[in-house]
Amino acid sequence: MVYITRREHFNSAHKLNVPEWSEEKNLEVFGKCANPNWHGHNYELEVTVKGEPDPVTGFVINLKNLSSILRTKITDKLDHRNMNLDVDFMRGVQPSTENVAIKIWEQIYSDITALGAELHCVKVKETENNSVEYYG
Amino acid sequence: MVYITRREHFNSAHKLNVPEWSEEKNLEVFGKCANPNWHGHNYELEVTVKGEPDPVTGFVINLKNLSSILRTKITDKLDHRNMNLDVDFMRGVQPSTENVAIKIWEQIYSDITALGAELHCVKVKETENNSVEYYG
Amino acid sequence: MVYITRREHFNSAHKLNVPEWSEEKNLEVFGKCANPNWHGHNYELEVTVKGEPDPVTGFVINLKNLSSILRTKITDKLDHRNMNLDVDFMRGVQPSTENVAIKIWEQIYSDITALGAELHCVKVKETENNSVEYYG
Amino acid sequence: MVYITRREHFNSAHKLNVPEWSEEKNLEVFGKCANPNWHGHNYELEVTVKGEPDPVTGFVINLKNLSSILRTKITDKLDHRNMNLDVDFMRGVQPSTENVAIKIWEQIYSDITALGAELHCVKVKETENNSVEYYG
Amino acid sequence: MVYITRREHFNSAHKLNVPEWSEEKNLEVFGKCANPNWHGHNYELEVTVKGEPDPVTGFVINLKNLSSILRTKITDKLDHRNMNLDVDFMRGVQPSTENVAIKIWEQIYSDITALGAELHCVKVKETENNSVEYYG
Amino acid sequence: MVYITRREHFNSAHKLNVPEWSEEKNLEVFGKCANPNWHGHNYELEVTVKGEPDPVTGFVINLKNLSSILRTKITDKLDHRNMNLDVDFMRGVQPSTENVAIKIWEQIYSDITALGAELHCVKVKETENNSVEYYG
């Protein structure tokens, strides 16, 4: 079993906010992430897939195909967009890094299975100092 | 003459847009940067100051003081904010990386002079691949 | 189950040394790390915590709280200090990267449990080329 | 149990190619990696070893010894060489990143066991965006 | 005057070699870089352009246009190719990092002038530790 | 004229301190850098040399020779050492990053001239956020 990881990028705006809460409570829990006019990040996405290398090509998965899934299903939808407003699969979801990782997993799982490999991990890095990993 | 550089960070939302232009023209010129609901970046700011090291401390400038200026005048205002809507010194300015660098220079120039050093360069890195330098 | 990682930094002096050994044996085993007048590193600390995201906030743990633990229990004690001489939880411990990771784990384990999450991994990176992970 | 990782580098040329296939099929499957006159990469190699730290030295393994194995068995053979033509342990193997990781594992496994530690992971990073992990 | 930098990548094979010299002399001068079967690198290219920002767009140059020049004139020709054999503008040139930077400058100078900006610097980074800058 | 840069590393202990000052004044000016039992850093050193590439080798300077100077004159003396106590060329000098850069310049200037190139810049990076450049 070999694990192969592809890194992609997207730059999005978002804010963290519970509409039912007062402004004070939102600021207390989410700090600056609750600022009403949004902020944004250069997100790094690392997707790890596992499988046995093909005896002829040496590939677990053709990275062209993995990149194509990530572009169509994820980065075309998130890049230079607002996570709270513009992205179908984030609708009604608090855009914490944790939830972004879970939702990306759900978006790509079956496409990767269809390529004959198995999705192992979705890692989302929000800043140099904060990142999340989800293994399903 | 010695040059000393301090790196800071801020995470902001913005969009590039000329209100007088049609949506088509905005998209043609600014591409995805014109998306109406904003996007954002992890900006890196590098400020370079020059001077002669003090013979006793060995310092061109005490980095505590430089950091304090950068926090008060720049990152407290930009971090987790919207450049187009929330930041006094960006009002009415197209928030291209070029203009962000020029406006940061203007904000900190006299404070650095007052510390007895000379501002040499403001570098703003918008992504791993795009950055701007301004030397006044 | 989601895994979230916070990166912090500390800059410390240390040396590796077994007082019962001759200087020759210390140099043979520890090389330059045994130099008597100390050397130091920019350590990177990555702490990974696991749990289920809160359905309202989307957080496994509020990173403000995790950062606060890491500052109080770890970086305030190690940063700009001498590991062999100044740090209570390193007393009598050979300050190899392995032992630094184990001791940090012990310092923060119960505080993280008290926040309702589970400590998963402590990673300590001593240089660009050397790092250690400890999972309890 | 503690995990310790050592990073090394090597710069090699290679190409991906199935001699029995037509040029068209090679290009379709391998893309630019099939270009006949080779291309190359700055590979990063991260080798992770696990064990219990020695109570006196605090070491799972002396990194001098691990580095020495990696230099003799791996980087002296791969660095500034052609993977397809020059490297004994790559003979007859498609030099995909997956296969490079597997072959490096096979080359170093018994030497690391002989040092009293256990090989845990071989990670090979071909570019900033592509990497592979092999756990045996 | 503002300076804007765009980073691109290319992965190429090359070797350093003076055909008139003996194998011994080539090895003495070029070391492992003279190995006959090639080696390769992940090159980073940073191109810096200077000018005054447009008062409406805030751009010194539209990075879409700069990227397009770099792709057409440089990376499409160098990426996944052999510098000594495959690249028209490197024909008959010793592919040292110094010469790669000079030749890239010559390839893009007039195209950048035609966009109304001025080429300031071509930086080529061969490894984490070696890089070259050329200012014309 | 082409500029070529070589990066090296050294890990040293130091402290900032004026013996004539009270402990309070040292702490006020130098902060945690004045802690009496030392602290340390992973320093990065970047040395830039300029000249015209040799028409046959394409080299401004053979990096083997530059590395050899940097190892003999700088990193062998500073690496895994205490800047205040162990290093001949730092004796009596406040080991601020500014002074480290100046002293390294003085140590290597004539050796680089003797190789037929010209020293252009010594850059010392103390942390990810703080660096100094000296141009003589």
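Each chain carries a letter (A, B, C, D, E and F) given by its place in the written order, and its residues are counted from 1.
Going forward, contacts are C-beta pairs under 8 Å (C-beta built on N, C-alpha and C of every residue); 3 or more make two chains touch, one makes a residue touch a chain.
The shown structure was predicted, so the numbers you read here are calculated from the model rather than taken from an experiment.
Think of each touching pair as a link: the shortest run of links from subunit D to subunit F has 2 of them. Taking the definition of touch as given, a chain qualifies here only if it contacts subunit B and subunit F alike; those chains are E. Chains touching both subunit C and subunit F: none. Note: the chain lying farthest from subunit A is F, by mean C-alpha position.
Interface matching across C-F, E-F or D-E places the copy of B-F, with more than half of contact pairs shared by residue number, at E-F. Subunit A and subunit F, compared by their mean Cα positions, are separated by 41 Å.
Here the CA centre of subunit B is 34 Å from the CA centre of subunit C. If you average the CA atoms of subunit A and of subunit C, the two centres end up 29 Å from each other. For subunit B, residues that reach two or more other chains under the stated contact definition are 31, 128. Each chain pair that touches appears in this list: A-B, A-C, A-D, B-E, B-F, C-D, C-F, D-E, E-F.
Remark: subunit D residues 16, 18, 29-31, 93-99, 101-102, 128-135 touch subunit A in the complex.
Across the interface of their complex, subunit E is touched by residues 9, 11-14, 31-33, 35, 37-42, 79-82, 85-86, 127-128 of subunit D. Here subunit A touches subunit D in the complex through residues 1-8, 48, 53, 56-60, 62-64, going by the rule given at the top.
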